[in-house]
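Read from first to last, the chains carry the letters A, B, C and D; within each, the first residue is number 1.
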Amino acid sequence: MRIGIMTSGGDCPGLNAVIRGAVLGGIKRHGDEFVGFKDGWKGVTEGEIIDLPRQSVRGISKQGGTILGTSRVNPYDGPLGGPEHISEVLKENSVDALMVIGGEGTLAGAKRLADAGLPIVGVPKTIDNDLNGTDYTFGFDTAVQIGTEAIDRLRTTGESHHRVMVAEVMGRHVGWIALHAGMAAGAHAILIPEVSVTADDIVQWVEEAFDRGRAPLVVVAEGFLLDGSDEAYSHLGLDEAGRPRLGGVGEVVARLVQERTGLETRCTTLGYIQRGGVPSAYDRVLATRLGMAAAEAAHDHAWGQMVALRGTELHRVPFSAALQSLKKVPQSRYDEAAILFG
Amino acid sequence: MRIGIMTSGGDCPGLNAVIRGAVLGGIKRHGDEFVGFKDGWKGVTEGEIIDLPRQSVRGISKQGGTILGTSRVNPYDGPLGGPEHISEVLKENSVDALMVIGGEGTLAGAKRLADAGLPIVGVPKTIDNDLNGTDYTFGFDTAVQIGTEAIDRLRTTGESHHRVMVAEVMGRHVGWIALHAGMAAGAHAILIPEVSVTADDIVQWVEEAFDRGRAPLVVVAEGFLLDGSDEAYSHLGLDEAGRPRLGGVGEVVARLVQERTGLETRCTTLGYIQRGGVPSAYDRVLATRLGMAAAEAAHDHAWGQMVALRGTELHRVPFSAALQSLKKVPQSRYDEAAILFG
Amino acid sequence: MRIGIMTSGGDCPGLNAVIRGAVLGGIKRHGDEFVGFKDGWKGVTEGEIIDLPRQSVRGISKQGGTILGTSRVNPYDGPLGGPEHISEVLKENSVDALMVIGGEGTLAGAKRLADAGLPIVGVPKTIDNDLNGTDYTFGFDTAVQIGTEAIDRLRTTGESHHRVMVAEVMGRHVGWIALHAGMAAGAHAILIPEVSVTADDIVQWVEEAFDRGRAPLVVVAEGFLLDGSDEAYSHLGLDEAGRPRLGGVGEVVARLVQERTGLETRCTTLGYIQRGGVPSAYDRVLATRLGMAAAEAAHDHAWGQMVALRGTELHRVPFSAALQSLKKVPQSRYDEAAILFG
Amino acid sequence: MRIGIMTSGGDCPGLNAVIRGAVLGGIKRHGDEFVGFKDGWKGVTEGEIIDLPRQSVRGISKQGGTILGTSRVNPYDGPLGGPEHISEVLKENSVDALMVIGGEGTLAGAKRLADAGLPIVGVPKTIDNDLNGTDYTFGFDTAVQIGTEAIDRLRTTGESHHRVMVAEVMGRHVGWIALHAGMAAGAHAILIPEVSVTADDIVQWVEEAFDRGRAPLVVVAEGFLLDGSDEAYSHLGLDEAGRPRLGGVGEVVARLVQERTGLETRCTTLGYIQRGGVPSAYDRVLATRLGMAAAEAAHDHAWGQMVALRGTELHRVPFSAALQSLKKVPQSRYDEAAILFG
């Protein structure tokens, strides 16, 4: 079998381990051949292809990023988009199956193509852990670990200067990274997109912690929206939709806390360091297994399905299972964490 | 409610996060009081007790080890052992519930005491991940991460010197750490107690890797037993039972590989660095949640039960669920990893 | 002898190791007593003092921040400032010597007080490595290491997305952190306050790297000023003085690069994570030795002097040696690094 | 100019950064050509050579080990050894200068060859920091950092179990790694080859620390020799020369401490993890600068000289400066550290 692999959307620690797992697994179990499409759907639609012999994946499972490159191109865009042309590209290159490694947008495109009859299997990828149908996605553990280590560092500065420290972590639509990194780092408040929290709540948590002699730590997901009158916070830099006009929401929360509590407050936005670099052992194992399982799925002609983690075992689920809705932090998990606030 | 906590057996990253989770959770939800018994069952039987007010658990979730100390004392040993005396100790100290954090041996003792009517809840603890009834135990992720980082370092030495590198990791009865760290580090052979492997197998994997230009990497769990005639390997340092007479099995495997392949081979035994120090974010989150859940279990008088992880959620299971047998690496998981050997 | 210690200015990895070195050294060599003034000059002027017995410094050399707290208070400000009052505070508390751990501003205050006859010795402290009279200061190595690890992570994202990555590191007046972290991480351009660089230079380095197939990496110190007409860059967010109006200079450089090259460019500002958390082994050793040497300096009544590193040995230099001018990156060191640009 | 590079002896973090610094520096400043000899003197004598174009050193400064391979072959051994043959190899390959990166043995060979007229420049390399003529060598900082992090981990286990922990670190002839890692980790005793210490001394330090409620930590260099009657310790595993018969000296010290103090004692031998893997930022900067400086030295025909660090600047010193004697830990540095023992 000749299997094409592509990686699409934002980069994520573990992508290379998936590629290696798939290539080694397919070669050693079935004598497969592998090729890679460059830069996501762009390479698929334009037929930009490279060979992936065994030696090409040597030692890559601990490398961040993706050796195939990535982009945010949509497979239905432009004259080269759509199932007919992509099907032709696969045929021209004698590719029997396409392994798509990507997040919600990528898998949505893959689903449409698979529904149109293309031989596609998927591997779910999201740093934010916001895909349904799987317990965890690779990259998330690394992001949480990097975030936690960084926040550990911020705390000693907060304590030495008796300051409030605000750390903004990734999570545009869901708060999983904030929830886990905040819990691991012992945050006094965690602010996530899923849960409505008022300025008064935040101030109370911060002041409680300060009154006990702590340097308050607030972990906020980039997609958090401050609840309440938008006008009330416009001088802090929020627009009419409650979104920060400049910088991130972490800066806004820091200004709010400083204004309301009188405590010196500093914000650090962790940014891209959360998504690059050496993957954690957890992510390397998960990604390697997913890659191997996806190659098996191709052999089983499990088109339209992606491999997923449930408990400790891998399963196959239809793309649709991942696409019905974002996997949000449930209120029960937030309430559990909130017991430790303040 | 007044809850006593004890930690028993080998130390494990995350113990302090469990203690903090329990104490903060119990205080904030129910206004509980907490005390700690020092050094495991020793403190329980001898009534050595310290107060655990809120400030005593401040900032400890990222500290390795246990602030309560630990020991390998059995609760049924000596004149102070057994349910009657321990029950008296609890009463004298007005302790309404005993939270036992420990591994197989500890939980076995806890089960006997709970069966005798003592108010005991449990938190499973094992670096080796060998307890049934739970998907993972805290400490395991940290051990795998430390092991993987160390093995990553060994590889560059192997490659520069064209040597075989053998890394011995923890795992007396089960090979989970070896399986995960070996998979994460891209080992060419993983040797675990559960799976019989001959010297010929090992030699073949090593030579295959070497012939492809790699510096072969062998990861071996400390409890691995070399298959085959014991006499055949006695000159390598194995006794009649096939166990190493001196040093660990890693050294024996290294001598075997060097003798059989003629390749320069070096062994590194990672030892205690795998079980101490700052826990990973994964383990801090899991341990914090388990501690909170165990305090709830005490409030629900869930005596004889321990808290456990299934998928992403916590459950309660009877002690017996964890004690029927060790959770071994199933053959299917070994076979999956073995595809990548050689 | 009874020695008072204070830490002042921004926190810095290694402060606690200095305190521990001084306390243990003084106690074990001379049977000294130690006290700490809280929050820098604030505690000195207000007489806020705590005992520092041996057990108070237990295990702190690997803790970031300072157990004494810090502030940016000036010893000459307000009614409690000035040598007469401070001298009285020392006498009232039977403090025979004051050990001042701080940077340029702190040492300037200490010099004035020492010139006025107060028994003061100093330990130079700056993350930025901008103090003369010493080869290196503790905290700098940790900041460079943290910066390098973070930039290593950024690179894999840049490479996967074919983007330019800009990393803004600390260094308001000097570029030592940018120079070292940039060199360690293999930056294609390093921008520092000391060296005038035009937009054309930056664009050329970025394009050269991109044309060779690399994801260009630019490391910029927060104090870098873009050379050339200010008006030309006002749309990028520079004010009339050439300083960024909002956010940091990294964002400005990123906007400039993207505008001029057409390449997608992203900026990450590392911020406070560079100055908190566990110090590197290098900094722990240096800080411990400096603390011990400062206690000896107090015993030798070396008032008005600070301990300093030259090569591998510690020396004493007058405060003035550190205060004549900032230790800037010499042109020769920049030229050496610039050979690797592009 | 066409410059050949070789790396010889034990691998060391930073070797690749030296190679990259030399290659990029030479190409960009002078348009040089570079080749590499494989596996140390073996490749030089056998003429095994590879091209080192610019792209071959891409991204390697953060890789441990050496892309050229290494061996312990002596340039005067065998029929291919000696200056005549090596000179011929250089000529045949049009190599104008040979850059030798190695430790004492390697540099001794290089000196003999340079004295015989060969165009050789050197870069000092030793993890152990035992070369004279330079303040520090690259690799040492990384080894100390890895050792310190590992020992930090051991401490929490010692404290939880009230055990003595012994850590054996590298250092066959000198104790620099033990001195620095021990000081950074807060060891209660540091044992090094240069300083005679009796069993009574060790026992006293251990018991003092234990009596203060600490878990004693002993850091011992692999080359440490226990002082006193050899017979007295033969049951601990010492031979007549006072060297351990099996395992390392760490094990012997652990048995001694346990026997004499009755305290449970465990030894961990860090082994090869100290010399592999990602170099610290400090070592990457130092190694890059040394590589660039060595290429300049070749251009200046500074034959028979090596580049070296003094303070913050690089210099050239004759090979002989590094070879007169090992750079041992001076008694004053040991005494300074010993103040903190016990």
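One rule holds in what follows: contacts are C-beta pairs under 8 Å (C-beta built on N, C-alpha and C of every residue); 3 or more make two chains touch, one makes a residue touch a chain.
All of these numbers come straight from a predicted model, not from anything done at the bench.
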{"item": "Joint neighbours of chain D and chain C, given as chain labels", "value": "none"}
{"item": "Chain centre separation (chain A, chain C; CA means) in Å", "value": "34"}
{"item": "Separation of mean Cα positions, chain D and chain A [Å, integer]", "value": "41"}
{"item": "Chain A and chain B, separation of their C-alpha mean positions in angstrom", "value": "30"}
{"item": "Contacts with two or more other chains, residues of chain A listed in rising order", "value": "149, 152"}
{"item": "Touch relationships between chains, expressed as pairs", "value": "A-B, A-C, B-D, C-D"}
{"item": "Chain A contact footprint on chain B (complex, rising order)", "value": "20-21, 24-25, 28-29, 54-55, 58-59, 61-62, 135-136, 141, 144-145, 147-149, 152, 180-181, 183-186, 212, 214, 280-282, 284-285, 288-289, 292, 310-312, 336, 339-340"}
{"item": "Contact footprint of chain D on chain B as seen in their complex", "value": "7, 10-11, 15, 39, 63-66, 69-71, 146, 149-150, 152-157, 159-162, 165, 246-247, 266, 268-273, 275-278"}
